[in-house]
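Next come two complexes built around chain A: one with chain B, the other with chain C.
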Partner chain A sequence: MTDVAIIGASMTQFGERDGWVCDLLAEAATACLDDTGVRADALDHLYVSNMASGEFEGQTGVPNALAHDIGALGAYTQRVDQTSSSGGAGIYAAWQSIASGASDLTLLVGGEKMTHRTTGEATDVIASLTHPHEYKHGVTLPSFAGLTARAYLDQYDAPREALAEVAVKNHANGVDNPHAQFRKEINRETALDSPLVADPLRLYDFCPITDGSAALLFCPVDVAREYTDDYVRVAGVAGATDTHVVHERPDPTTMNGVVKSGERAFEQAGLSPEDVDVAELHDMFTILEFLQYEDLGFAEKGHAWEDAMDGTTARDGDLPINTSGGLKSKGHPLGASGVAQGYEIYKQLVGEAGDRQVDAEVGLACNVGGFGNCVTTAIFEVGA
Partner chain B sequence: MSLDAGRCPNGHLSCPPHPRCPECGEPQSETVDLADETATVVTWTTSYATPPGVREPNTLAIVEFEAYDVRLLGQVDGDVEIGDTVEATYTEELRDPEAGIREPASQAWDGYRFSPS
Partner chain C sequence: MTDVAIIGASMTQFGERDGWVCDLLAEAATACLDDTGVRADALDHLYVSNMASGEFEGQTGVPNALAHDIGALGAYTQRVDQTSSSGGAGIYAAWQSIASGASDLTLLVGGEKMTHRTTGEATDVIASLTHPHEYKHGVTLPSFAGLTARAYLDQYDAPREALAEVAVKNHANGVDNPHAQFRKEINRETALDSPLVADPLRLYDFCPITDGSAALLFCPVDVAREYTDDYVRVAGVAGATDTHVVHERPDPTTMNGVVKSGERAFEQAGLSPEDVDVAELHDMFTILEFLQYEDLGFAEKGHAWEDAMDGTTARDGDLPINTSGGLKSKGHPLGASGVAQGYEIYKQLVGEAGDRQVDAEVGLACNVGGFGNCVTTAIFEVGA
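Presenting the complex of A and B:
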């Protein structure tokens, strides 16, 4: 297999945007190509990570539209939909295209346009991924988070404040991310006093609804230096599924898709959790940061909350988590999120993260679809 | 009306049923009706931000039918805590089929709510 490099990355401003999905995708795509000095007509493959452009805006066929808009005509295109983990699945697809030798230059663009819908409508579009039995009871992704958070706090005797600490940390990180939807610090009391959304979780335990796009450019490692001095190597990338019906899992606080995708990615990379210097975890809900932190092996089951409380996962801690601000403050444009996780790790590893910069040679991104139904974990290393 | 779990020849149950047993891959050849069984609350939440056509607030619980070692999620009437015993009550329409994004004809909309027993 060909060793795979990432030689460029971009993300648009996340938040409420005027543009529609094709505008956002083109903005990130052209920024990534321009940044790397690559012409669009040089692309062999062009992938678009997107969950629901048809449902949100009545626009389908976006990869082909993007190829035309950016001047990549002739490139092979493909849409990657893996719900919330479409971006991570896109990293997998792009890696596969280069590793297999099918493509020598692949652009991955993730994007979603959501904010023109009401919160209820957007929640319903996302909840449409659930099983008919779940859907008819009015289950939403936030309500899965409420069910899981209650079980976690009860099972591990964790304080409610620990979840607030995740929100406080990720908002603090987002202040230094110029592309983040929210750039505002909050304190623990603000989080704990915010309105109940899915008891015991409150408003500040949830990510917002967001428009945005992000892009990554892939090529074989052995030609990476022809494009750039600084690149990142994809050391390992793997996906896995868990039950579609969430209540059929034996332990609501364990996400087996995270466990399996993590094990496979670490094995491929020849690395272990102790080797990771910085990670982006899918904090669509604060509780998810704990579940992934444990299921990836950064802490024993039931102990992630301690590392949030004692500052281990803060930007100046031993294992900074979500230096980008996470989905929590950066925003969560579904198809873009996994790609934007890759953007943050790329920036950290090549030393271009600005005020968010930490000392890192190995970074990990875990992108969760559904409520852990499908997961992709990617491990990146500084290019040698 | 019944609350059917699927059962495979090896005795594994799932609710809702699947064409093949998630545990061993055998076809689920029979069903078990859980409608008259009691269950225990594993966890619960009350959702205050519900999608179109769903009651607000909407209390939901994951419950375990201990006699059958099978779990189920459903709406709850009344207050519950982890460990409480609940029973199932048939409800004709759990949410308004016309208000949401899903095609109304593509699935059933009746089912069972849980309440403290």
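Presenting the complex of A and C:
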């Protein structure tokens, strides 16, 4: 198996953007190639992580359009879809392309264009990822999140304020991310007093609807130095499903897709949760940050909320979580989000995270599809 | 790099089917696992090749639904989309999963459910894969096919009857395929007298709209014998784009995606076109069979039509093409078609092709996305 490096990364401004998704993808792709000094026509593979360009924009075949628009004529292209974890699935696919020897240079670009649709329309598209058995009963992901948050608070005797603290922390981090959709601090009261959405969750427990794109460039480790002095090694990457029908899970506060993908990724990397210095978790809803934090082994079950309350997960804490601002403040353009997690970890590990910089040699990204229906976890370390 | 084997294959009845796409996928998946005696919960990876479940059925997240419905809980799942070559892209993705060591057992299932929509609706979804630069002018793939066929006939002084002969041959093959949508012989006059669609192409130059699914099971070659006595080795597989804007191509009768993916696959396999005993080509339109036949090196440019006219590509000829009946007679459920090409080659190489059986040790499948916008070519050989 060929050892895999990431040699470049980029992301666009997240928020409300003009144009169609391919314009955003091209912007990120070109910035990533420029960052590394690679020409588009040198690419072997070009992957696009995108959930729903057909549903949102009436356009398919986006990877081919992107190859055309950036001048990657001849490269093999493919769309990677794993709903809201399409970006993480793209990292896994790009890793496989290099590790298998199929490609010596793979560009992964994730993106989504959503804000031109109403919130109701966007929610409908996202809800279409649930199993028809549940979908026909009107279930949406926010409703799952409310039920899960209630179960967590009750089961572990956690204070409601702990969820607000996740929003406060991620908004504080987002202030220093020039690409974030929201760059404003909030306080606990703002979060706790915001409109109720799915009891006990309120507006500030939810990520926004976002346009944006991010890109990562992969090659074999043994040629990484030909492109750049600073690279990141993909130490482990894996994915796993949980039950697609959420109500079949024995414990709503455990996401088995996170547990299994984490175990597999740590085993491949030969590392353990204690080795991780910084992590991006999929905080589509504040409660999800706690579940992933525990299911990846960063805390015992039922104790993640304590690490949020005591500052362990703040930027100056022992294990900074979502230094990018997370989905909460940075935004969540579905197919881009997992790639943007990789961008943040890359920037932290190569020391280019600017005002968000923390001291880190090992980073982790966990990207959750649906309500944990399929999850990918990737572990990165500073190139030797 | 781990050497990759295919150890099982299945396909559903193609045609007008009830249910939603996941029902078809589950039928093919279960048949493929049963064929090999493998339990669904043993799968590491589960890939679904599907172009447009969201657009055709309003449902996304199909790979997770499939994992649920067949009992593959825990497996990593992902949708592979490369428009009409999603199936071939799935073969490439499944190959990479095994070759990279990410998976020891990968099930690929391709499928599409289309016939519940009108022909106009289905054509609109398919046309959405063209670049917006062309799409907004109303271009559809059949119109490209008509223009290309006219150019081919003029450029190489080929008779119109040669195109009809492709339809006649593929319908004759389909008669012996129990899964084919159409199992009826036609003669040259029927094809030549059918309604005009895109001059010079007529109704019988086009594949139908189809529901269906097909599956292939992959593992490392060195454990293939633990599952089955007869397996097929993936000798080479590769993909390549051509210009996404079709009118930018210097010669409309050459598909550079076919040329490049073929060259790459042959190089990886250490084989040449002369070594191929049987091939499935993407005859979405009759003219495409000629282009691929030439662009893969089976004939000099401008001479494929002669091999169709003299019987070289018939089932009892020197190089049988589309023994399955091809897309023309078997049907073309977008995401399933590339996988079903693999099914046919697998069955031919392991000697289970029934009345369609030919003498073959090396087979090739070429799956065309869009109008050659991205193409995958896979070469298979009998397991040693």
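Miscellaneous remarks
Here is the rule we go by: the second predicted complex is superposed on the first by the 384 of 384 C-alpha atoms of A that agree within 3 Å, B and C clash if a C-alpha of one lies under 4 Å from a C-alpha of the other, contacts with A are read in each partner's own complex, and residues count from 1 in each chain.
Convention: a residue touches a chain if its C-beta (ideal position, glycine included) is under 8 Å from a C-beta of that chain, and two chains touch if they have at least 3 such contacts.
None of these values were measured; they are calculated from a predicted model.
Contacts of A:Glu55 after superposition on the shared chain: both chain B and chain C are touched. In the superposition on chain A, A:Ala353 makes contact with neither chain B nor chain C. In the superposition on chain A, no contact is made by A:Val278 with either chain B or chain C. Set against each other, chain B and chain C differ in how many residues of chain A they touch, and the higher count belongs to C. When the two structures are aligned on the shared chain, A:Glu121 is found in touch with chain B, with no touch to chain C. Applying the stated contact rule after C-alpha superposition, one finds that A:Leu147 touches chain B and leaves chain C untouched. Once the two complexes are overlaid on the shared chain, A:Leu327 sits clear of chain B and of chain C alike.
In the superposed pair of complexes, A:His131 makes contact with chain B and with chain C alike.
Of the two partner chains, chain B is the only one that A:Pro195 touches; chain C does not reach it.
Of the two partner chains placed by the overlay, chain B and chain C both lie in contact with A:Val245. Residue overlap on chain A between its contacts with chain B in one complex and with chain C in the other: 55, 125, 128, 131-132, 135, 243, 245. Chain contact summary for the complex, chain C toward chain A: residues 1, 20, 22, 51-52, 54-55, 58-61, 63-65, 67-68, 72-83, 89, 92-93, 95-97, 99-102, 125, 128-132, 135, 238-245, 256, 260-261, 369-370, 373-374, 376.
Of all residues in chain A, only 55, 119-121, 123-125, 127-128, 131-140, 142-143, 146-151, 154, 195-201, 243, 245-248, 252 touch chain B in the complex they form. Chain B makes touch with chain A in their complex at residues 14, 16, 22, 42-55, 58, 60-62, 71-75, 82, 94-95, 100-102, 106-111.
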